[in-house]
Amino acid sequence: MSDSLDQIFISAKHWILSLLSGLPDWAAPIISSLINIGALLGVFLTLFAAISVLERKILGRMQNRYGPNRVGPFGLFQPVADGIKMLIKEDVVPARADKVVHFIAPILVAAAAILALGVIPYGRNMTPFAIDGGILFFFAVGSTTELAVFMAGWGSNNKFSMLGAMRAIAQMVSYELPLILTTLPVVMIVGALSPDAIVAAQDGYSLSVLPHWFVMTPWGAAAFVLFFVSGLVESNRTPFDVPEGESEIVAGHMTEYSGFKYATFFMAEYFGMFAISGLAVTLFLGGWHSPIAALNFIPSYFWFFLKLSALLFVYIWVRGTLPRTRVDQIMNFAWKFMLPMAFTLIVAAAVWHYQGRGLAGWLWSLVVIALVYLALSRLLDTRKKFATRTYRFAE
Amino acid sequence: MNSVAFLLIAIITLAGALAAAALPRLIHAALSLVVAFVGVAASFFLLGAEFVGLVQVFVYVGAVAVLIVFTILLTRREVTGERGINWGGAIVALAVFGGLLWTILKTKSLALPAPQIEPLTVKRIGEALMTNYVWPLQCVGLVLTAALIGALVLVMEEKREEK
Amino acid sequence: MNSWIVSNLWLIPAMPLAFSLIILTLANSRRAGAAGLAIAGQVIAFVLSLVAFLSTLQTPGFRAVHNFTWFTFGDQALRLGWVLDPLAAAMMIMITLVGLCIFVFSIGYMAGDKNFTRFFAYLSFFSGAMLGVVIANSLLLLFVSWELVGLASYLLIGFWIDRPSAAAAAKKAFITTRIGDLGFFLGTLWLYHNSGTLLFYDQGRGCLEEAGLLAIGGSATFIALLIFCGAVGKSGQFPLHVWLPDAMEGPTPVSALIHAATMVAAGVFLIARVYPLFSLGAVNGVTPSLTVVVSVGVVTALMASLIALAQFDIKRILAYSTVSQLGLMMVSLGVGGVAAGIMHLIAHGFFKALLFLGAGSVIHGLHHEQDIRKMGGLRWILPVTFLTYAIGMMNLSGVPFFFSGGWTKEEVLHAAGHWPVSRLPYYLMLAGVILTALYMTRQIIYVFFGSARNTDVQSVRPAVFDSVEAATTTENISVGGTGHRPVFHAHESPPVMTMPLIVLALCSILFVLVLTPAWPWLHAYLNGEPARVDFGSLIQPMLFLSLALVAGGIGLGWLIYRRIRETDPLARAQPGLFRFLENKMWFDEFYEQTVITFSRILARLADWLDRYFWDGLVRLFAGIGQAFGVLSKGFDDHGINAGVDETMSGTRGFGRLIAAAHSGQIQTYLGAIAIGMLLLLVLYAWLG
Amino acid sequence: MDPTLQLFLIISTALFSIGLLAALSRRHAIFILIGIELMLAAANLNFIAFWRFGPPPQQPTGVLVAIFSIAIAAAEAAVGLALVIAIYRHYHTTSVDKLDHLKG
């Protein structure tokens, strides 16, 4: 019973394919892919709509105000209204813009985000695009985003756009290194680049309550935190939203976009967020595995989307809590802290492996991480550079 | 591997490359170069070397293209630098193409179909890199480090003089 | 312990030397550090010397050597080493103890000098070098240390380098002793040629032992005399004594160190060390070389005593007294009383250091006034200095019973009285005793008794002291630097200067305990015999004779100098003789007229030769060269160049042709490469 | 009809010639770099193609050489572009026509 519920979408797909058995041979894989793409787009567009309104409501809650509450019950139809507004807006293209580049940029951004979503296993046997080097594919596609952002900034022929694009590329390039390096320990321990293999490696429970997720190891927990922070930067979310900080440079590389193109950028940003969170779930949070052995009867995709939603909530939470960082702080943090720590985690994972992946390895890798962390925090301590603050007029 | 895909990829690759070589605006050429690279990566996929294809996209699109674009931005002031095409070079390039094409076509043994092979997994590549090719791997690491430092020094040196 | 100190005897000279090097690296402002380090080095050396001394007490005639090979050339090995025997141990004790006192005294005396640290570095170096001389078991090591002593004396005499007279005195000391050292070095070479070793003691094979002496044989006399040349230079014997009084240009502690512990003692010590060479083949204890030593000693002793009688510089008088006492020691060595000579050397080391430091205290108290005519009446102003100085004077004059100098002089006279060749040295020595008492009485009366004769000195009374200070400040700048400490109500020197005086005075008195004939322990120790207690021998006829002579000398001096007027009493009585003595018997002038004039003539001759003869030759060759040059130029211009020019222009033309292909444009080159590749391809296809 | 080795070689030859064209005929320094990158890509294509069409069982040598060559190309691009920037700062031009200080 639970199995059939678990595999219900797979069965549905096979049922559709069996209906089309009359078609020629070469069409079957194409149809299969199309079904995958359709399902993917459907799910994530829905999620996008839901998140866009939920984010506003949660932020409102955090900031002591109502969120959207006019369209539909509890304002739940707000995304529909937004969508209609976006679609019927005039599409303004600056006269001096590089029209082709300006046009391609949002498409490329969205394409990259959607492609990246393709390699993530959403449930048992539910990977839309299962290839051997899935993680690498994710990052290869993800790195295209930088180019797309640049095209947007350059094609607009606008100083704000260009500045925003430069900022975005700078911080994305900087944080791509820790992002990739923090996946390395997992890849190293699993011995495969395929997300399915990584999820499979996190199967099993100790005492049937402690899941074997990588986040349960010291290096995995640290890597998860680093990965999450890098993900925040990669998706240009607060507190790392300098590329599109409204109070500084209007909307960064999206300044000259309006209407549906702007909506595409907006959507791509959220899709990117989904992709990064999905990868984090896959790499560290055990993918679609349930947290307790007893809860295995609940379908796998439910667990995946539960974890994904939890992460997305943290994204929103962070946005509602933290102020924006400065550009130089972001860069210093990347090169002076994230990168050394990421390298350390590789060593820590190796230590964990060679100590037999048991309790001893757990402790030793914790020691390695703690040592380097303490050393780095001593080295990077900037407090001593400032004089103690004196309050002259506020005694 | 089918010929439709091959044809498509070949057309995209060559078109992108031609655009990269011939477009008057540098930025367009650079973006066309990205298209050509993606095409080459696709043909790697077609040939069964998925890993190399991904690396190709990763390195060229993610890094080299961004670098080129940045360089264009930093050296943008000169707009009227382009003064037509050096036709002598074009003739030489054409001659080389002709010569190579003639040689390839002349060699009959090259017209062989693809044999069946077991798929090349990332694991195999990794094992090869860590066993037989570990020495070249280290050398490449060294070269990359040296290039990184060298590039930094090259760009920084002038800056200090300007101050 | 015993073997440890023997194999580590080198530490004794090495500690002061090492500390000296460390002090040299200190900044000028680290005064306390410099003095502390120097004194620490000296204290360590003293303690080690004590250890060494204690281990020599085990058996009479203890002697331990430690030899090692320095380097090997061919099948010859050059070996160095050090020796520990009563002679070395006694000398080490004396040197380190006296040196320590002088170092401490220097803290006060040099307090105002801006080169304080440098001074202590040199002092420490000096002491270390002298200790090296003492422990050396190789004539070469001894020579090296000997030359280091010379270098240190040069540095210290010329310490106040901004004074021309100091620089001249340093040069004079260095060059004069170098003349003697030349002889020493020749003697060393000769010795090595004959005996094949420079080690003194080497398990029977050393040059002072049976086999070595046998190998030297008949040439021992010449070798001994050559080595004696070195001793003459170092110990200021006639005729190379001229540098010693001039060495007074150095700071007074340096004079004390040179005259008491280190430099001049080296000559006497050298003779004592190589005494077997001198006494080789002796008949009845007499050899030609020893006779020369006696003669030189007698002449020096009498001459210096006479000169001292007519000097007015407080330090110069002491300097001539040193020369005369050294003459006395030489006589003692020459007549066979080696132990007596060394005993006198050690006793002399104590009381002469005492006298010099006392003089230094006086000079310090009077703001670098050295003329005894301007002193007088100081006994109430400088009581401690006066008392200790008087003890030193008693020692030097040879008053027996309580003063070690008297007993050691007795020993020397005793030895001289038994010389089989002649009684003349003995009588002359007795005359020297009277003279010594006389000039010391003169000096002490001039300095401490009577009333102040000079306005400057008169004002050395507490009430008006500050005005003197102001009046003499300008002189002080050139002398002691700007930091001179004013002594408004302290007419006596500070304790740091008087304490060494007291210690030295006590030493010179307590030293008597091991000297008297009743228990001649030191004599026996140096000779390697057990000592006997015999109170009966305390009273000897000769004792009364010398007592009478000393008393006579002092009384005579009291009579003559009791009333001091503007001029010296002796000058009034015998003006010609006094002038002769006052001008040091015109030795300097004599040397100026003879040696220096001769060398000047030689230099002129060499100069003339250089200018006219050698220069002419050089010019001749230069002319020949020029002529060849002209010829060669003609040949080059018209013969070779034409051909080369043709070749060059051809090459240049070809080069231009080639250079045209180098456009400097990268694309041209790239294109060329592509074309080349294409051609290769075509060639390949053609062939394959 | 499946594509043969010959077809891949023709594609790579064309790619190479286009790269050569860019390197030889364009005057902007960055175009030369673009051309060189294209030529390198053509070479990589050749490596992969020869590996794929070699007699089985193939060693992954061709693939590894391609990976190394991509790494080297990245290094070359970094240094080359740094050079372009340095030259631009120094001579205020990126046109290789004007950079002829080596002219004989």
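Every chain is named by a letter (A, B, C and D) in the order it is written, and numbering of its residues begins at 1.
Rule of thumb we're sticking to: contacts are C-beta pairs under 8 Å (C-beta built on N, C-alpha and C of every residue); 3 or more make two chains touch, one makes a residue touch a chain.
This one's a predicted model, so the numbers in the text were calculated from it and none came from an experiment.
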Which of B-D and B-C has more C-beta contact pairs: B-D
Whole-Å gap between the CA centroids of chain C and chain D: 83
Gap in Å, rounded to a whole number, between the CA centres of chain C and chain A: 89
Computed distance of Cα centres, chain D from chain B, in Å: 6
Chain B residues counted as touching two or more neighbouring chains: 2, 51, 55, 63, 70, 86, 88-89, 92-93, 96, 100
Per-residue multi-chain contacts in chain C, two or more chains: 667, 670-671, 674
Junction residues of chain D, two or more chains touched: 20, 23-25, 27, 97
Chains grouped in pairs wherever the two touch, ordered by label: A-B, B-C, B-D, C-D
Complex contacts: residues of chain A adjacent to chain B: 26, 98, 100-101, 131-133, 136-137, 139-144, 146-147, 150-151, 154, 166, 169, 173, 176, 191-194
Chain C residues within the chain B interface of the complex: 667, 670-671, 674-675, 677-678, 681-682, 684-685
Complex contacts: residues of chain B adjacent to chain C: 86, 88-89, 92-93, 95-96, 99-100, 102-103, 106
Contact set on chain D toward chain B in their complex: 1-11, 13-28, 30-31, 33-35, 37-38, 41, 44-45, 48-49, 51-53, 55-60, 63-64, 66-68, 70-79, 81-86, 88-90, 92-95, 97
In the complex, chain C residues that touch chain D: 658-667, 670-671, 674
